[in-house]
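One chain, chain A, appears in both complexes that follow, with chain B as partner in the first and chain C in the second.
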Partner chain A sequence: MAHHAPVVDPAALREDIGDLAGKFRIPLLLVGVVGLVAAGLLASLSDDGWAKRFLFGYLWAYWFFLTISLGGLFFTMIQHVTRAGWSVTVRRLAEMLGANLWVFAPLSLPLLAGVLFDGAGVWEWADPVLVESGPTADLLQHKEPYLNKPFFLIRCAIYFAVWSFWGWKLYALSRKQDETGDPGLTQTMHNWSVAGLPLTFLTVTFAAIDFLMSLTPTWYSTIYGVVIIAGCAVSVHATLAVIVLLLRKRGTLTEAVTVEHQQDLGKLLFGFIVFWAYVSFSQFLLIWYADIPEETEYYLVRFSHGWTFVMAMLLTGHFIIPFLGLLSRHVKRRDSTLMFWCVWVLFMHAVDLYLFIMPRLTHDAVHAGIEDVGLPLSLVDLACFVGIGGFACATLLTTAAGVALVPHRDPRLKEALAFHNT
Partner chain B sequence: MAAADPTAFRDDTPFIGPARAPLVTGGKSVRWITDRVTGLALRDTPWQWTAAFAVSLALTVMLLGNVAYLIFRGTGVWGNNVPVAWGWPIVNFVFWVGIGHAGTLISAILFLFRQNWRTGINRFAEAMTIFAVVCAGLFPAIHVGRIWVVYWLAPYPNQMAMWPQFRSPLLWDVFAVNTYFTVSLLFWYMGMIPDLATLRDRAKNKVAQFAYGIGAVGWTGSSRAWWRYEKAYMLLAALAAPLVLSVHTIVSFDFAVSQLAGWHTTIFPPYFVAGAVFSGFGMVLTLIIPAREWFGLKEIVTLRHLENMCKVIIVTGNMVGYAYAMEFFVAWYSGNAYEAYAFVNRALGPYWWSYWIMVSCNVITPFLFYSKKFRTTPWIIFVISIFVNIGMWFERFVITITSLHRSNVPSSWRYFSPTPVDFMMLIGSFGLFFTLFLLFCRYLPMVAIAEVKSVMPMPEHENLNAPGAHTGQDSINPPQTGDFRTEGAY
Partner chain C sequence: MVSRGNTPIDTRPNTLSDPFTGQAKGPAYKVLSDVNNRLVAPPDRSRAPKLTGVVAEYEDVGELLAACERVRDAGITKWDSYTPYPVHGIERAMGIKATILPWIVLCGGLTGCMTGLLMQWYLNGSEEVANEAGIPTFLQGYNFLISGKPIWSLPANIPVAFELTILFSAFGAFFGMLVLNRLPKLSNPRLRLSNFRRGTDDGYLIGLDSKDPKFDLEGAAELLSPTRPTAVREVWDVESRRAPAWIPTAALILFALLLIPPALIAEHRNTPWSTPRIHPVGDMDWQASFKPQQRNPFFADQRAMRPQVEGTIARGELDLDDALYRGLEPTDNPAAASGPAAALPDGDGQRLASAALFAFASLNQDQSESGANTTDAPQEQTGGEAPPAGDDEEDMSLFTRDLPIEPTLENVQRGQLVFNIYCAACHGVGGFGDGLVHKRATQIKAQAWVPPSNLHTDVTRNRPNGYLYDAITNGVRKMPAYGSQIELKDRWNVVLYLRALQKSQHAKIGDVPEAERDRVREEARAAKEAAEQAAADEAARAAAAAGESGTVEADDAIVPRGETGDAPTTSSTAAPSDTPSGAKPDVEGRNEDPDPVADPAPADEPEMESPESNDPEAGEPETDDPADADAETA
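Right, the complex of A and B next:
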C-alpha cells in the first residue's frame, strides 16, 4: 500500500457546500412545514383517529432521519477510536450528520406531546385507562417503574443531551483543527470518542426500547438495540456515499474523495447489510424456534394482514439482492451503480423501520374488531417523511454552510489521500 | 526488557498525536527477521522446551487416561446429573471454542479491515485457534455417552435410516465447528507455505529438509506463485470472516433456541461472538507475552501490538457487559417470573460466587485497560489476561449450570458438583493444548516472516505523518535516524 500521495490542490480541500445552504434552506423549511401540515390534514381522514395516525407516520419518518444522523455520530466516533487513516476525507460529512442531531430534540415535540395528552399518543403505556384496566394491565403495571411519563421524558432529555453534545463537540473540535492545524486535537477527539461511544450505544439502545420496542409493551427482545444500531450503520454508509456522489457531481470533493474511498464506503455498506441480516435473523429465528407466546406475538402480526409480503420483501430486498448487487468491486467503484444500490438500501431501511412501527396499527385495528384489516399504508407517512426530511435537511445545510467539506488540516489526511485498495 | 539495547525502548505506542508507531522496532533489518524466526525452529532443542513439553505431555496422557476411563465406566464418572446433564464437558467445549476465535478473527477480519499490525501476531494466534478447536471438539464427542456411535452425527445415507436431526442446533454445531476448523487449518497452512520453504532452504539436516520440503509443496517464491498466493489469501479471508461469526452464533443457538430461562434470549448470538473474541484475545495475550520474552520477539510483537489487543479486549469486554446488562434489564422488563427468577438466582442463588467471579473478571477487568499505563505494561497485561480467561470459563459455567440446576420442574432441582474426573479433564485439556502449542513453537515458523517484512519501516516509504506532511506537497522523506516516531503508517 506504499503509494505516493497524489498532488492535491490545497484550495480544493477547503471547498464548502457553496451557495447550497443559501439557496435551499428556506425552500426546505417550507417543504417541512407543508409536509407536516399535509400529514396532519391527511391523518384527519384516517379511521384510527387523526392524532394517532399522524404520530405513527411521524414516528416512522422521525426514526428514519434520526438513525442516519446517529449513524453519522457512530461513524465519526469509530474513525477516531480506531485512529483510521483512510476515512479522513469523508469524515467531515459524517461529523455534519452528527452535529445535526440537535434538531431531533425539537422535532420530537409532537411525539412527547402525544405522551402528555392521555390516550392521544402511540404508546399504550402512556394511556392511564389502559394501564388501569386494559387487557394487558398486569404487565403495564409491572413495567410502570420504567414505562411512565416523567421517567420517559427524563430519559428523552438525557438522550438528546448526549447525542447533541457529542455531535456538536466532535464537529467543533474538528473545525477548530481546520483553523489551528493543531495535531493534538486529533488526540482530543479520540478521547471524546472513547468516552462517547459506549454512552451513545447505551442511549440509542434505550431510545430504541422507549420509542419503538414499547409500541408493543408486552413484548421484549434483548437484541433489539443492536438491531436498531445495525440499521444506523447501514443507513449512514449509504447516505455518506449518496452525499459524496452528489457533491462530486456538483464539482466539489472531486480531488479529496477518490474512487478508493467510494469503494470503501461500499464495502462497509455491504458488511453492515450482512450484519443487519445477521442480527435481524437471529432475533427472528430464536423467537420462532422457541415459540413462546409472550414473544411470538410480535411476529404473529407480522405474518398476517399483508405483512408477510413486507417480511419477504425485507429478506430479499434488504439482504439477498443488495448482497449480490454490492459484491463486485466494479459496482462499488462506478458512480451510477453505487448510487443505485445506496438509494435502494435507504429505501429498504425505511421499509425496515416501517415494519418495526406500523404493524401496531394493524394489531390495534384487529383488537378493535375491524374486519379485513390490510396494510395501513397511507399518504400520511409520505407527507411526514417529506416534512421531517425538509426540516432535517434544512438544518443540515445550515450546519454545513461555510465549513470545509474535508478536515483539511487533519494530520492523517495525507494517508487518506494516498490510500489505494490493493 | 533488553536494557542493553536502547532501541528496545522505542517500541512505545504512546506516540504523539496521530503518528503511528512502527510495527517492527529496534531498527532491525529484513535479514534479522528471517534469521530470528527460522533460528527458533532450526536450533537445537532447549532444555526448557523439553521440560515444558514433558509436563504438557504428561497432562495429555492424564486426559486420555480419563477419556478411556469415561468410555469404560460411562458418563456417571462426571458430576453431570439430571437436570444438569450438560455439566462441565459443555462448559469446557464452549470455553475452548471461544478461545479458538481470535486467530481467524485476526487473520481474516483484521486483514479485510487492513489492520496491518496483525502480521506480527497472526501466525501465533491462528495456531492457537486450531489447537483450541481440537480441545473443544473432544468434549462434545465424549459427551454423547455412547461414543462408539458418534459417527451418527455425520449426515450420510445408510440402511438403518439413521438420519441426523437437522432441526437441532447441536447438529448445526457439528457442521459449523468442522467447517471452521477446516478453513482455519487451510488458512493457517497456506499462510505458512512461503515460510516453510524458507525453513526448507535453511535446514541443515536431511530429515528437516525433507519434512519442511513436503510442507512447502514446491514453493519457489516466483512472482506468479506470490500473485496466486495473495489471491488465495484474500479469498480465504473473505470466506473465513463469516465463519468467525457463525461458529459461536451456532454455539449460542445450542442454548438460546430452548425455552429455558437464562438460555433463551435473543442477544445470545452477537453476545457469544463478542465473548469468544474477548476470551480469544485474552488467551493470545496470555501466551504471547511470555513468548515474546523467551523467544526474543519483542521487536516483532511490540507494545503497539499488545496495546491494540488490549483495546480489542476493552471493546469486546464492554460488549459482553452490555449483554449482561440487557439480559438483566429485560429479565425484569419482560414481566416473566421465570426469567426474573433465573437471573436473581444467578446473582444470589447457590452459585452466586460463580456469577460474581464472572462479572468481576469480564466487566470490571476490561476497564483497567482504559489506563494507558496498564495496557502498555506487559506483566500487568499478562495478569489481566489471566483474569479474562478465568472470567470467560466461569461465564460458560454460569450459563450452563445455573440455568439447568433450577430448570422448569422444581421437583428435579439439584445442585451440581464436579468430580475429580471433571477436574482432571479440564486440566488435561490444557495439557493437550500446550502439547500442540509447544510443538508449533519448536518446529514451525512462529511469525509470518514474509508478512512482517511487508510492514517494516522502510526508508523509501513516504513519511505521511511528518510535520507539514499535509500541505499537499509530494514529499518523500527518509525517516530521521534513530527516530521512528515520525515514520508513516507502515
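Right, the complex of A and C next:
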C-alpha cells in the first residue's frame, strides 16, 4: 500500500540512456545537416527570396526547440526554488534539456548572419534601407536606440551566456551530488536557482521581444514574454512526459518514475494549457476591445489570408480540446492517452509559434502588392524542423550519455519515490 | 492508556484471544459504556437511551487500516473511521468508491459558462430573436452598442463567462462536498465519548453505526476483536430528544408573521391610490425656499428669481467686447449699431444691454425688411424663390472680420487640438466634411443625416471670422452649439486654425516663402506625375490612391498643388462649383448647405468615402431648396 515506503532497486536508479547516444548521435547529426541543406534548396524555389524564406522557417523551428529547452531550465529552477520533493525522479531529464541550451548559440548563427548582411534577414529593423526610407521609417528610427544591430548582438550574447551557464551549472551540480552524495549541494542548487530564475525570466522575455515581437517592429504587447514563457511551460511538460513514456517503454526508469509522477506531469501540462489560453486571450481581448490601429495591426493580418483558420485551430486545438481531453485523471495515468495528448499539445505549440512568426511573410507579400496571398506553408519549414531537431537531439543525447537518469543521491529522492496522489 | 477524568479505561493487556463473550477465555475485552454519556442526564427520563453504535480505538495507523479492511470485507456499509490526519490508502481500505465530486464541479463549471453566455446574449444580443418571437419590449435585453462592438460578440463575453465558470465550479465543489459528506451535522452521539477526541490528536478510531442492517452488538464485538483494538465502546444516545411540539408550530407562526410586512409593502407598491401620499418628513417636502421660475408675491414683479440690480454687473461677466464675446462688429461701428438700435422698442433699448440681442434682433429685422417681396415663413413653406443675392452679404456684415486673438503659432496649434477633438468627428481632420460620423451615417444610410459642411468652399472661406465664431458658439442649422463645451479663447483658436487649414488648401505659390518655392514646385510635379502614373496603371487602384493622397494633403500645411494658383484643390473631381470661385456666391452658399432630401446622393452611395466625395452637392449647384434658405436665415 501507498503508505509503505516503496522498495526500489538502487541499481534501477542509476540507469542511464545506455547505448542510445552511441547508436543515434551520428545519424541524428546527419539528419540535421540533410534537413538544413534540404531547407536551403527548397527555399531557393520560394518567391520570397531563398534567404528570407529559409530564415523564417529556421526561426520557427529554432524557437520550437529553444522553448522546450528553456522550459527544461525553468522546470529545474522552479523545483529547486520551491524545494519540491515529488519531482526529483523526473528532474534529471529537465536538467538535461536545460544543459542542452548551449547548442542554440551556434544554431543561432544563420539568424545573426541574416542581421549582419543587410536586407537578408527576417527583421525589418535590420534593413538599413527600410529604416532610412521604408513605410515605417519614422517608428524604426524612433526605436533604433534599442533595435539596432550591435545592441541586438550584444543582447543575444547575454541571453546565450545566461542560459548556457545556468543550464550547465545546475546539471553539473546535480551530477556532482550523484558522486558525492553531499546534501549541501541541494542548498547550493537552490541558491543558484533563486539567482537564476528572475534572470532567466527576463532574458527569455527580452529574447522573445528581440527575436519574435520585433518581426512587427511597429507593434508591441506587454504580455508577449509571458505568452512565450507559457509556451515554454506547456512544451516542456509535454516533452518530459513523452521522454518518460518512451524511456519506460525501453525498460528504463520503470521503477523510479511511477504513474503518480506521470499524472503530475499531466496535471501541470493541463494547468499550463489553461495558463497559455489565459494569457493569449488576455493579449487578444485587450487589443480587440481597445481597437486602436497601432495595436490591431498584429491581429489584422492574423484574421485574413487564411490565418483565421489557424487562429480558430489554436483556440480549439491548443485549449478547448486538450482541456477536455486532459481533464480526467485516468487519461493522465494511462500511458497511451497521455502520450497522445502530449504529442497533440507539442504539435499545437508548433502551430502557436508558427502563428507568431509566419504572418510576417503574409504581411510583406500584401505590402508588396501581391494578390491572393495565402498561408505561407512550405516544405522549407518542415525541413528546418527536421534539421534543427536533428542537431538539438544529437547534442541532447551527448549531454545525457552515461549520466544516471535519476539524481539518485538527492536527499529528497525518498520523498519522490513515496509520492502518491490522493 | 492514560486515565482521563473519571472515565474508566480498559488497561488490561491487549494480548489475548476471544473477547466480548464474557467467558473465561483469559483476559478479554469488554464493550464499555462510556460514563460520560450518562453524566449529562436528559431531563426527559421517559425516553430510554438508545444504542447508536460502537467505537473501536487503535494506537497505530497500520492496525486501523487492517481493521478497516476487515470491516469492509464484512460488508458493513454504515460506518466510518476517524484519524488525526489524512491517511493515504484509507479510501481503498474502507472500500470508498471514487467520489462523484469532480463531476459535480464539471457540471457546475459548464452551467456557469452557459449561464454567463446566455445571460449576456439575453441582455445584449437577443433583440432580433425577441422581436421575431413577439416578446414584449420590457422583457427584452438592453441592446446597447458599446465601443462600436457588435451587439453579440464572443470575445467581450468570455471574461464574464469565465468568471461564472469559476464561480459555479467553486459552488459545485463547496456545496457538493457538504452534501456528499452530509454536512453540516450539528451533533453526533459519538462526540460524547471521552476518548473520541483522540481522533483529532493521536488516536485512530472506527465507528460502526447501529443503523447498518448487519449491526448487532455481539456481531460487532466479534468482528472487531481480531483487529486488536485497545478499547471498544458502546455509544449510547441518551441526549437527543424530540423537540416539544409547540416549537415547530411557533416557528411556523413566526415565519408567517414575518412574511406580513414584505407582503404589505409589495401590495402597496403595486396599488394605485386616490389619497395623497404620506409625507413622513414634511419639512423636506415643503421647504420655505423658492425654486427657479417660481412666483413670489413679495416682489412687485412677483418673480422669485431676482434679476440683476440695475446698473451693476456680476464679477467676470463684463462682456462688452462684441467682437471677442459675440463675433460681431463693435457696436460703435455705425453700420452695425444704427440698424439694430433703431429697431428696438423705445425704453427697452436702454435696459437690455446685451449687444447679442441687438444683433439677433437686427438680423431678423433686416431679413424681413430687405426681403420685402416675401416673409420667411412662406418662403420655407412654399419653397419659393431664393432670397436676393445681396442678402447673405448684408447679414455677414454684422459679423466682425477681425480676429480678437493673437494669430500666434501656439494659438494655431491649440486650435488644431480643439478642432481635432470637437470638429473633426463630423467635419473630418482635413475639414472636408468627411469625418467618421459622416462616413458612418453614410454607410448606414441614416435618413435624417445632414452632411457636415465642407469647410474649403469659397463660401466658408469668405465668411467673416465672427460668423465662424458664432457658428461654433451657437451652432448653425443641424450643427449643435459648442459654446458650453469649448471655452471662449479656444473657439477663436479654432477659427484661427480653420483659417490656416483653409489656406493650406487654397494657397498660391506666392504664399510660399521664396526659398521654398522651387522645392514645392518640384514636389508638386513629382506628385502629379506619380498620380498620372498610378492612374495609368489601373483605374480602381488609382481611385484608392487618390483618396489616400488627398487625405494626406489635407493634413499638410502647404499643398504643392497650390502652385496652379487658381485651382482651389479641395476636390480633384472636376466639379463645377470648384472651378471659378466667387463667381456665383449665392449658389455656392447653397452648396455649402446640402439638404439630404433634395440631394440624397451621399446616403445612397456608401462607397463615396474619399474627401472628394464630400462635395456631393457640387453636382447640383442649382439646388433650389427652401430648407436651405431657412437654414441660412435661422
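FYI, the second predicted complex is superposed on the first by the 420 of 422 C-alpha atoms of A that agree within 3 Å, B and C clash if a C-alpha of one lies under 4 Å from a C-alpha of the other, contacts with A are read in each partner's own complex, and residues count from 1 in each chain.
By definition in this document, contacts are C-beta pairs under 8 Å (C-beta built on N, C-alpha and C of every residue); 3 or more make two chains touch, one makes a residue touch a chain.
All of these numbers come straight from a predicted model, not from anything done at the bench.
Trainee: Considering only touches as defined above, state whether A:420 meets chain B (first), chain C (second), both or neither.
Mentor: second
Trainee: Quick one: is A:222 in contact with chain B, with chain C, with both, or with neither? Answer first, second, both or neither.
Mentor: The answer is first: A:222 touches chain B but not chain C.
Trainee: As a test of reading the superposition: which chain, chain B or chain C, is in touch with more residues of chain A?
Mentor: Counting contacted residues of chain A, the larger count belongs to B.
Trainee: Could you say whether A:83 touches chain B, chain C, both of them, or neither, answering first, second, both or neither?
Mentor: Only chain B; A:83 stays clear of chain C.
Trainee: Tell me which partner A:18 touches in the superposition: chain B (first), chain C (second), both or neither.
Mentor: In the superposition, A:18 touches no partner, neither chain B nor chain C.
Trainee: Which of the two partners, first being chain B and second being chain C, lies in contact with A:325: first, second, both, or neither?
Mentor: Neither: A:325 stays clear of chain B and chain C.
Trainee: Let me test your reading of the model: by the given contact rule, A:134 touches which partner, first (chain B), second (chain C), both or neither?
Mentor: Once the two structures are laid over each other on A, A:134 reaches no partner at all.
Trainee: Have a look at where A:389 lands relative to chain B and chain C in the superposition and call it first, second, both or neither.
Mentor: It touches nothing on chain B or chain C.
Trainee: Can A:289 be said to touch chain B (first), chain C (second), both, or neither?
Mentor: In the superposition, A:289 contacts both chain B and chain C.
Trainee: On chain A, what residues does chain B touch that chain C touches as well?
Mentor: Chain A residues touching both partners: 1-2, 285, 289, 291.
Trainee: Residue numbers of chain B touching chain A in their complex, please.
Mentor: Within the complex, chain B contacts chain A at residues 16-20, 114, 116, 242, 245, 249, 253, 256-259, 264-270, 318, 322-323, 326-327, 330, 333-336, 370, 458, 460-462, 464-465, 469-474, 476, 488-490.
Trainee: Show me the residue ranges of chain A that touch chain C in the complex, using the header's touch definition.
Mentor: Chain A residues touching chain C: 1-3, 281, 284-285, 288-289, 291, 327, 420, 422.
Trainee: Quick check on the complex: what are the chain A residues that touch chain B?
Mentor: 1-2, 4-10, 13, 83, 85-86, 138-139, 142-143, 146, 183-184, 186-187, 194, 198, 201-202, 205, 209, 218, 220-226, 274, 278-279, 282-283, 285-287, 289-292, 294, 408-415, 418
Trainee: Under the stated contact criterion, what part of chain C meets chain A in this complex?
Mentor: Interface residues on the chain C side: 61, 65, 86-89, 92-93, 106, 147-149, 155-156, 158-159.
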